[in-house]
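Please find one structure pasted underneath; my questions will follow.
Letters A, B and C mark the chains as written, and numbering starts fresh at 1 in each.
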Amino acid sequence: MGLARKSAIILSLLAFSLAGAAPAMCVQATEEAAKPLSPDDVLFVVNNIWMLVATFLVFMMHLGFATLEAGLTQAKNTVNILFKNTSIVAIGVLTYAFMGFNLMYPGSGYAGGFFGFSGFGIGTDVAGLTSAYNVGYTYWTDFLFQAMFAATSATIVSGAVAERVKLSSFLIFSAIYVATVYPIVGMWQWGGGWLNKLGFHDFAGSTIVHSVGGWAALSGVIVLGPRLGKYVNGNIRPIMGHNLPLACIGVFLLWFGWYGFNGGSVLSAAPGPVSLVFTTTTLGAASGLVAAMITTWIVHKKPDFSMVLNGALAGLVGITAGADAVTPMSSVLIGAIAGVLVVFSVMTIDKLHLDDPVGAISVHLVCGVWGTLAVGIFSPDYRFLPQLTGVMAAAAFCFSSSFLLFFVIKRLLGLRVNAHEELRGLDIGEHGMEAYSGFQVFVTQ
Amino acid sequence: MGLARKSAIILSLLAFSLAGAAPAMCVQATEEAAKPLSPDDVLFVVNNIWMLVATFLVFMMHLGFATLEAGLTQAKNTVNILFKNTSIVAIGVLTYAFMGFNLMYPGSGYAGGFFGFSGFGIGTDVAGLTSAYNVGYTYWTDFLFQAMFAATSATIVSGAVAERVKLSSFLIFSAIYVATVYPIVGMWQWGGGWLNKLGFHDFAGSTIVHSVGGWAALSGVIVLGPRLGKYVNGNIRPIMGHNLPLACIGVFLLWFGWYGFNGGSVLSAAPGPVSLVFTTTTLGAASGLVAAMITTWIVHKKPDFSMVLNGALAGLVGITAGADAVTPMSSVLIGAIAGVLVVFSVMTIDKLHLDDPVGAISVHLVCGVWGTLAVGIFSPDYRFLPQLTGVMAAAAFCFSSSFLLFFVIKRLLGLRVNAHEELRGLDIGEHGMEAYSGFQVFVTQ
Amino acid sequence: MGLARKSAIILSLLAFSLAGAAPAMCVQATEEAAKPLSPDDVLFVVNNIWMLVATFLVFMMHLGFATLEAGLTQAKNTVNILFKNTSIVAIGVLTYAFMGFNLMYPGSGYAGGFFGFSGFGIGTDVAGLTSAYNVGYTYWTDFLFQAMFAATSATIVSGAVAERVKLSSFLIFSAIYVATVYPIVGMWQWGGGWLNKLGFHDFAGSTIVHSVGGWAALSGVIVLGPRLGKYVNGNIRPIMGHNLPLACIGVFLLWFGWYGFNGGSVLSAAPGPVSLVFTTTTLGAASGLVAAMITTWIVHKKPDFSMVLNGALAGLVGITAGADAVTPMSSVLIGAIAGVLVVFSVMTIDKLHLDDPVGAISVHLVCGVWGTLAVGIFSPDYRFLPQLTGVMAAAAFCFSSSFLLFFVIKRLLGLRVNAHEELRGLDIGEHGMEAYSGFQVFVTQ
């Protein structure tokens, strides 16, 4: 079965990889590969593969966001929502390659505590394909895993501004936000910046990812205003999601992807931390779901399915900051509190006439803040004050910068579709097509 | 790119993990890590990661069950079905942490052949994060992989009692069944109990998981009775599924997750067994599908798509007991017989006026029994009699306990929604919301 | 927690695997396992697991194809489309086991440059479960990974002939094509045949998989003719897809699965190549998407969502031939050109009155050819002429053989449903069931 051929290929690939040789030097490298493998060489292979597995899991979160947001909104805006979420992945990866990665990890040469930049474009040194870059994984794995994270922050915003935001303006906002604000805040902690030095702990990004998206969601909702017909004469009119199976698929995919989001944030396949993180993540999600179920059952008399879905996400966002630093029992508590919080937060935000169609602010901002502070409460290794400082710093920088950015785009390009388009649906208005051709769908709001 | 920082993190995490140190001892552990890694250390990392990959695959089976059940039933009950299936995952994981795991693996101190219990709650010993627990993987990985299995048995029941069961009563049944009956039967085999000592072989749970769910599905269907309008004047009226793409997604996700269900049941990444299990699993599913396709084409003249979907699942359930113990050629035969069986079983169960909306009894019980017996027929290493004994023991215990449980719940709380709610749909009745807001959906049954 | 039992199981499984013993020799093998593991033994475990991960990823591409095709066509043909795509996976795996694998990898004994065959059925030698087969992975892993690829080529055809092809005729075509044409072309390159010796490079199958499917799609479209009402009096009438969320899910799943398709084609877990391939694959997809978005925005004034989806796939198909052989920056260029190409190709093919409902010819054939030629342009290690030769050879063999096969089937069995069935929908005609029972769906074309 072509055994000899395959063996030769595999050997040369391994040699290429482990010996750090450039492709053109493959033959020579094969000879070098004659020196025996060490256990550390193999561990490097394992860590790198695990980080790539985590990468494809995080990739699937973007489908999760797309289907959740589409499912919880109206049928007439579905194409537009899918379009935004699909495009953001691509735009996020490309802008991250162009500049985000180099803003987030500026390296020792450039790094200041608040800002650093190591130049446009991604590296091409072949050493980036070997352990010369990192004992855990290659340069390219590092870039790709981080790139998948980056687009997440913009996707969070997408849900909050859905059903009325102008497509082109939103894409411009996302591209700029992902290319600049997200990596700068990321550098403060993960790039070795001032928060990191302060003793702030945010394992996989309750603050650095979720609240960064959440603050922009809040400023977007304020600048945009509510959907037409949502708040009439002081009354709150519910606008129902059009496809709850799609929303359910979304939450499962997000939970699924979170095993890569949190599991990959260990930055290696080290059994203890990865197992612990999988367990706290699962228990946080499960208890968030159950807590939200009980809360909605009591508050709304009948259990609201979208609250149960948001409860699972609340638990996940809540545990993300401390998934590596709290006990499994604490993760149950942290998740449960997040599950209760999200139900009341959704109700409160609606009472404030802040129109967030999918509850993104409650899930990602409120529970992101909760999860970050919870580390200071539940983990013996971290203090409360640095956690609070990190939360406040992200708040100040992200809210103000996103507010300014939305404001400028509103003035220059307009941020909102016109009333006729909004009523008819953005699918026809922005794309000239419908999501469910052939179905009888009612488009009146 | 923060190389030094990352390296330090990775080294300390590895040290923490491999040396079995508690988080607080990280600094000290880093020093210990100076002793060189052995190949066995690295193998532990690999096995543990594979088990976690299997865990997230099994997690996705729950979305598979949710979408399959929703797709094969009526639009007016969709929210309710998604609600049940989503909640069960969370309830299953939490009850398994609270007591199920300790019932299923009571340990040498407590284990009897039929019952054992090692106390409430899950362990907190940091040795559980290292190879001190197990040469294959950590304590937490063990718990989590098993926890994902546990909820499966309740999810199987869900499909059989769909479209008329009262939400609260079903959730109570599920919680109790997953917390007690499933782990007790599981202990008989996988916890080192009497079936295990008898020479019974059930690799990944044709009996221990699928028939455990299947027997409860059968008793639930009997206690509940059929849906209104299903059997009128001795005639069988078909009630069509409302969303076959959703059902198709469900079957693919189940097949996908089965690679973790069976592949992870090897309990290590050992190449020979995992490769064999992947192959028999795939061939079993494929031949189940093709056999069901041919059978339905002959029997129904036109090939019924839901039968083809059930054929794949039948093949998967059928091969689950012996995936590690039969040749690939035998797996084709086992799958094919399961595929034929499921078509006739669905017809027979319907003729008996047992109303199982999704065919759960045929897929999980009938083919679970078949798969278990098939091990005694096709594998040279196992005998037929212990296989039959295991099937009968599970039947007696699971059918009687689930029947009793359903019966008691029916008396105390009621098990079924009222006729008006059933006709209007459980989405409005139990949740006050619709799955497809804005669509023209006909709700007459 | 049954530690001793589990340890014993794991040890014996490992022994079985690593020492290459047959199941019946387990006890003896356990003793042999006393000799210490080498790093190479562990690397074999890692490589094998990675290939199995890649296998389940490629498996999910079939759900991607199913949902994409269903979403981009009409509601009345949905069951039929899901049926085809689901069946093809099973048929593909089984025919590949029966003969495809042995045609594609005929081994040194039989291999000629153009044709070879090593007999019916798959191997049963237990050495196939160990590294005796291959330094990278077991025989069964090799078979399964390749089998998942095989069905892909038929699935590509499915989309092009959708909404009018007769079910039985299509299944016969697929079974024969997957069993013979695909593996013969595959042997030319991956089985060590004449293209391989010529210096042709097609890393994961832009030509060997995608264009093989694409040429058959083209001949199918020609032999079948367009859907009724598509081209009337020289005008092109658009027939809209009925479920764009389903199409979006499809593209994300394909992209997800592509990490296994390309990542697994490295044939090991070697960090350098796998990281590079993940990166070029991601950048190719992202830039294909963005390029198609910009192109459709300019050409169609409003950005067409299905074009954006096809843009991502175009980028993926385009980068597949050279994912291991070009720089990340080149992958951005290759993807961008594919994204532009696909938009104009879809328009051109429609102008030629070739009715391809999902754009399969543009995505898989046009971009498959582009990607193959791009290797000769962007990689310093490969020349243009062998690339062109490979493209032409696949064209000649695949187009002619598929054309002949479609033609013969058309004469013997008929290839197309009758006009009444086509207008009413193939779901009722071929299967006697509807995909969306209970919904108001308009079936006029």
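In this section, a residue touches a chain if its C-beta (ideal position, glycine included) is under 8 Å from a C-beta of that chain, and two chains touch if they have at least 3 such contacts.
Everything numeric in this text was worked out from a predicted model, so none of it was measured.
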If you connect every pair of chains that touch, what shape comes out? Choose line, ring, star, complete or other.
complete
Can you give the rotation angle that fits chain B onto its twin chain C by Cα atoms, in degrees and rounded to the nearest 5?
120
Interface residue overlap between copies chain A and chain C, same or different (over half shared):
different
Using the average of all C-alpha atoms in each chain as its centre, how far is it in Å between chain A and chain C?
30
By the touch rule stated above, which residues of chain C touch at least two different other chains?
39, 42, 46, 53, 139, 243, 249, 436, 439-440
Residues of chain C defined as touching chain B within the complex
1-7, 9-11, 13-14, 16-18, 20, 23-24, 36-39, 41-42, 44-46, 48-49, 52-53, 55-56, 59-60, 62-63, 66-67, 70, 78-79, 82-83, 86-87, 89-91, 93-94, 97, 121-122, 124, 126, 129-131, 137-141, 143-144, 147, 167, 243, 246, 249, 430-440
Report the residues of chain A in contact with chain B in the complex, numbered from low to high.
39-40, 42-43, 46-47, 50, 53, 57, 74-76, 105, 107-108, 118, 133-136, 139, 142, 190-192, 240-245, 248-249, 251-253, 255-256, 259, 263, 266-276, 278-279, 282-283, 285-287, 289-290, 293, 300-306, 308-309, 312, 325, 327-329, 332, 380-381, 436, 439-443
